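To start, I am sharing the structure in question, which I have written as structure tokens.
Read from first to last, the chains carry the letters A, B, C and D; within each, the first residue is number 1.
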Amino acid sequence: MSGESARPAAPRPIRLGMVGGGEGAFIGAVHRIAARLDGQYALVAGALSASPEKACRSAAALGLAPERAYASFTEMARAEAARPDGIEAVAIVTPNHMHAPVAAAFLEAGIHVICDKPLATSLAEARRLQELATARRRLFAVTYNYIGYPLVRHAQALIAAGALGEIRIVQVEYPQDWLTEPVEDTGQKQAAWRTDPAQAGRGGCLGDIGTHAFHLAGFVTGMQPAELAADLATFVAGRRLDDNVHIMLRYASGARGMLWASQVAPGNENNLRLRVYGAKGGIAWRQEQPDALHLSPFGHPTEIVTRASPAVLPAGQRVTRIPPGHPEGYLEAFATIYAEIAAAIRSEANEAVTFPGIADGVAGVAFIEAALRSSENGAAWVRL
Amino acid sequence: MSGESARPAAPRPIRLGMVGGGEGAFIGAVHRIAARLDGQYALVAGALSASPEKACRSAAALGLAPERAYASFTEMARAEAARPDGIEAVAIVTPNHMHAPVAAAFLEAGIHVICDKPLATSLAEARRLQELATARRRLFAVTYNYIGYPLVRHAQALIAAGALGEIRIVQVEYPQDWLTEPVEDTGQKQAAWRTDPAQAGRGGCLGDIGTHAFHLAGFVTGMQPAELAADLATFVAGRRLDDNVHIMLRYASGARGMLWASQVAPGNENNLRLRVYGAKGGIAWRQEQPDALHLSPFGHPTEIVTRASPAVLPAGQRVTRIPPGHPEGYLEAFATIYAEIAAAIRSEANEAVTFPGIADGVAGVAFIEAALRSSENGAAWVRL
Amino acid sequence: MSGESARPAAPRPIRLGMVGGGEGAFIGAVHRIAARLDGQYALVAGALSASPEKACRSAAALGLAPERAYASFTEMARAEAARPDGIEAVAIVTPNHMHAPVAAAFLEAGIHVICDKPLATSLAEARRLQELATARRRLFAVTYNYIGYPLVRHAQALIAAGALGEIRIVQVEYPQDWLTEPVEDTGQKQAAWRTDPAQAGRGGCLGDIGTHAFHLAGFVTGMQPAELAADLATFVAGRRLDDNVHIMLRYASGARGMLWASQVAPGNENNLRLRVYGAKGGIAWRQEQPDALHLSPFGHPTEIVTRASPAVLPAGQRVTRIPPGHPEGYLEAFATIYAEIAAAIRSEANEAVTFPGIADGVAGVAFIEAALRSSENGAAWVRL
Amino acid sequence: MSGESARPAAPRPIRLGMVGGGEGAFIGAVHRIAARLDGQYALVAGALSASPEKACRSAAALGLAPERAYASFTEMARAEAARPDGIEAVAIVTPNHMHAPVAAAFLEAGIHVICDKPLATSLAEARRLQELATARRRLFAVTYNYIGYPLVRHAQALIAAGALGEIRIVQVEYPQDWLTEPVEDTGQKQAAWRTDPAQAGRGGCLGDIGTHAFHLAGFVTGMQPAELAADLATFVAGRRLDDNVHIMLRYASGARGMLWASQVAPGNENNLRLRVYGAKGGIAWRQEQPDALHLSPFGHPTEIVTRASPAVLPAGQRVTRIPPGHPEGYLEAFATIYAEIAAAIRSEANEAVTFPGIADGVAGVAFIEAALRSSENGAAWVRL
């Protein structure tokens, strides 16, 4: 990226549709800003709510043409596929249980899919989607957005280049605190669906943020654990899904890891943090201060590597927009995923395509199922 | 703000033009992202470079219609004023010496102006612009963007509400390091014009970032110094403007302050920082970690107040987009200024209009002149 | 404490002996400074090394009278017990395998014991010591020194007072990096004995620092885990003991925990850190910045509570010496343990006796054995 | 230092006396711990209070022999000089106005002096002491204790070795908050004398902590300012001395500086902080986290250099006691000054003698007088 002005000629915006993300939604608005930030998309159609009335009102608020404000996603998929100016891609930002049916409908209609995580509420469902995407040759992105941060890209490249030596230890954690009390009982929409197995699937905290932690660690280290032992807990009385996740990880290489995710840890807002240690050095990165990476070459002082500074490798430089010291954040990282998807849609094969795809989505669901199985068996080791 | 989806109906985007900001520019790209982020503007015209060829190429890269890619700003002002679909506002992102002539041309043409700082290269020029804007009844915004941060708004509201008691001490500093070496001699464009009196005006570091520090302190405290004593220095041999600024401040109330700005302080990227102390408490805020404000009520532990958390006052909540822990940064703060300008252009009188206006621009130039006069007189006290 | 000058009359120093801690030792010097810092002890005798020559040279360097520089601890125990001015307490700072024999010898001789951790190299041995100490009615302290920090005391008192509500999650970690490479092969004395099962016992990192983490978490929360699942690893080729420890914890109350200890995590010097989360709030404390505790009441900003500040409870105030902002560190915390032992020896029953005793020592060894058993059984849950 | 056990043979403790530091004193207790920590001194005599009764009670509490608990310092100087086992050095920890008379008395008696800062309440008085010390050939130390920190020594050595290139900018600040309210009116002893011109001299905050900031900057940079412009203020109504100090500094080399000291800045406990910038890099150090120094070589990432780590130069290593990650603090730094004084008293010429001497003391008083003169003349530049 580093300055959109560097691009040779302004491409026509990609026509984007959205399913979910109507009034009161959080992640839908994030996707819209992310799509807009680099000027690569135009939002032109939507089925923004399961409630037709709300869907209509939300569409008007977003300036969609009335005829492209759909009451159902099936109708939308059909109608958009039929239009000469129909959407090229759809963003799916519904509760988890709707990801797979909606994605399938748009894949069937020949439309690229950008889907929030977790991909599906069962591994079988996830795999069917994967087959469908392959069969239909449609692009399928899963918005594990945290790998959009420039210093996450830098960390990945550092490790791939051997800067830390052989990786030994992976400590990843993702504590939040917003579910410390039973807010789902107060009608808070975000909490309600996330703690409802019918909408969220069988993982609570595990699916909502544990999967992000798992994905981030896998991306940065380039390694997937071979097996895990999980101890899930639910601390809030009456809650139907886990709200705290403790997992030990073993890698085929002999490396070991720990993953902690929690939504009941007061003082933690969105405190995703990754530390990786190898035979030659270690790194530490924290999402709440994403513009700094601590790099500790063994025997030397820890260095504070900042986004866009000369120490950052090309993989990180490529996805930074403004100079160091001018903080970029969550929306920029999310926008980077969208920009990379746009580049892929445009088939600009000369740009790196790093956004998370359906294989990442399937792996995330496999992780959820493995962790559940382990926890249900007294934290027995389960192969991934 | 807090979610564009909350808005009742999607307003038509404001038609925006840009002067400056072509290939190789920094702040032009920032303005474009800021304008785009909340979906309130459409960039439709530009005179993007003093070089016609570059202007043309830059316009194409940004997708402007060829007939609205102008070779000169005078032509642009005239032509756009004549179009029924002409621009409603122009963003001026040229080197400093062009701010005033360009702004005057568009004001004369009846077009609102969004101008980078410092407003002008002399106080007389700045005041003429102010008169012109008043006479033409056009909106005039000066992008002192750092007051777009939510916690800066919160800090201002806290102090206005008396949370710190009577203000005693203001410590503001803005160190950078990118001019530690004579990069202007290497052809680096950003450095070249900023160290050239013909383009930057008589203030170097003083005008480029000292004015930001001055504006931030004034906004947050609600107080303007009555007098200042300035000691400017130029450390890099051959440099023609100051690169380090030391200023002591006195306020009419008896409060005292210090302002330090530097572009030759290695280890500081864009380290704007404000501390304010009163009879009842103190605050500290740092631009590089903008989502945290330290509040120290005297006799009690320091509190880390985070953006969008319940402790933030409405003035701060209003300009936050996403939940705490999901970092917002420089571009979001800049976009907030643009969104507030958009609201003012639409005359939505029911929203607070907090963006910096021409009075702030004039005050910034007055500050530069006072500091220069003081420094030239051995750091004598000079009234503002 | 808070000022030795507050004490009514200067008591005679307690006569102290030392076993171990000769030339090249680390922890022996620490014990000596700790004993000296508050002026409560006089070091008057020692068997400072297993090598008689070294013992003699070390004693001279410390100013011991030649006749009280012993070549063996058995001789020392016998001779000191026979002197009218014999030592009242002995500090045992040998490698682990000598703790129990030395301690037993001095207990038999009727001398109080201050012993480094872990108490013994087997649980059976530890329990025999406990019986002996009880039978001989001698005071027995085990220097889990990290609970000497004022803010650790404050944290314990906060939780005991219910400030965090029911405890749900305990995250404790103690990473170091000094064994990242096989320094034991280079003759480094500290590394050599700690990685030698004959001297260290069956736990490497587990016994050396894992026990500290375990003890700290137990002290602060007031809870001991009911069971644990441990996954130990040895990353450095040829090393004979574990150098990385991953443990999941379950408490009888339903609380869960994670414990990570490592000596191969580059960038971590002595990074002991404890976080505890309850239904009403959370705390975080880090040994490398011991003068600050983060307290997060749910729904309110995190507070930075500083040592000796008004927010600190009496249990913390009592063990602080100087005002906030004047950092106290490791030696002060260690000295606090020594001062509390001194108070107990003097039978000043009116002062709180909080130093770790033999029960803590036994619990530490039980923890080591349980973790080894779990890890040897594929991280099976083992009761503590 | 690095381990007292390295010393060849235990030297006899130096016999130390103390004037001031009785009940309720702060700095007296600090001096006593500092003297004790490395086992180099024995406190054997004192005139601990101007009130004979309090002096007697304080001496008993400290275990002094009754005949060496003096009611007046003149008596003490005379009597100790006459004893064969009289004190070799005296620590003067009285309010400022007594420093000079007490020091003179002990110098006249041929006894070495360790005096708290500021050395005297007038420059004339300070110079007379200097002459007297020279004439009597007695050692005279002034406890500017902050230069006892290992990383301050390292910083000094780094700069002396040219690591930062030519020094351009010195930013030093020392904010506290304990005088935010008029606590002197409540009988708080520490506040009462420090705000009383008769006891503190003509500088309030300026003398109490401004001098520390001034000394630290001078020590680390190896440069003394050529002139200063000071703006002192008193914010608390009724207070008779300054409580906030703003100073601009100019060095003969062309370097510039700022010094801020305050005792009315809520949220700052003892927040001494130094930043130095040169043509090749910058450093930042903060007393409240003394075990980390930020080193920023221009163009490279900032490094976090930790006490006792391999990156620390010998000047820093020499004064560290325990490994990195085991925090040392204020008392250790103070003890280092005492240990260096002890080495000088013993004439161990083979150890570096870095403690602050009477020349530092005189320079501190000259600084106070210059700042007062400048401030009284509207912040005019005054030569130092």
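Basically, a residue touches a chain if its C-beta (ideal position, glycine included) is under 8 Å from a C-beta of that chain, and two chains touch if they have at least 3 such contacts.
Source: prediction; values computed, not measured.
**Q** So which chain is farthest from chain B, going by the mean of the CA atoms in each chain?
**A** That would be chain C.
**Q** Once you count every C-beta pair in contact for both, which comes out on top, A-D or A-B?
**A** Output for the comparison: A-B.
**Q** Need the CA-centroid distance for the pair chain A / chain B, whole Å please.
**A** Roughly 34 Å, centre to centre.
**Q** What's the distance between the Cα centroids of chain B and chain D, rounded to whole Å?
**A** 43
**Q** What whole-number Å value describes the gap between the mean CA coordinates of chain A and chain D?
**A** Using C-alpha averages as centres, the distance is 55 Å.
**Q** Could you tell me which residues belong to chain B and also touch two or more other chains?
**A** 268, 302, 306, 309
**Q** Within the complex, which stretch of chain A touches chain D?
**A** Contacts found on chain A: 295, 299-306, 309-311.
**Q** Using the touch definition from the top, list the residues of chain A that touch chain C in their complex.
**A** On the chain A side, the touching residues are 164, 168-169, 171, 173, 177, 180-181, 229, 231, 233, 235, 244, 246, 248, 250, 254, 256-258, 260, 262, 264-268, 275, 277-284, 294, 296-298, 302, 378-379, 381.
**Q** Give every residue of chain A touching chain B within the complex, in rising order.
**A** Checking each residue of chain A against chain B gives 3-11, 21-26, 28-30, 32-33, 36-39, 58, 60-64, 176, 178, 268-271, 287-291, 306, 309, 321-332.
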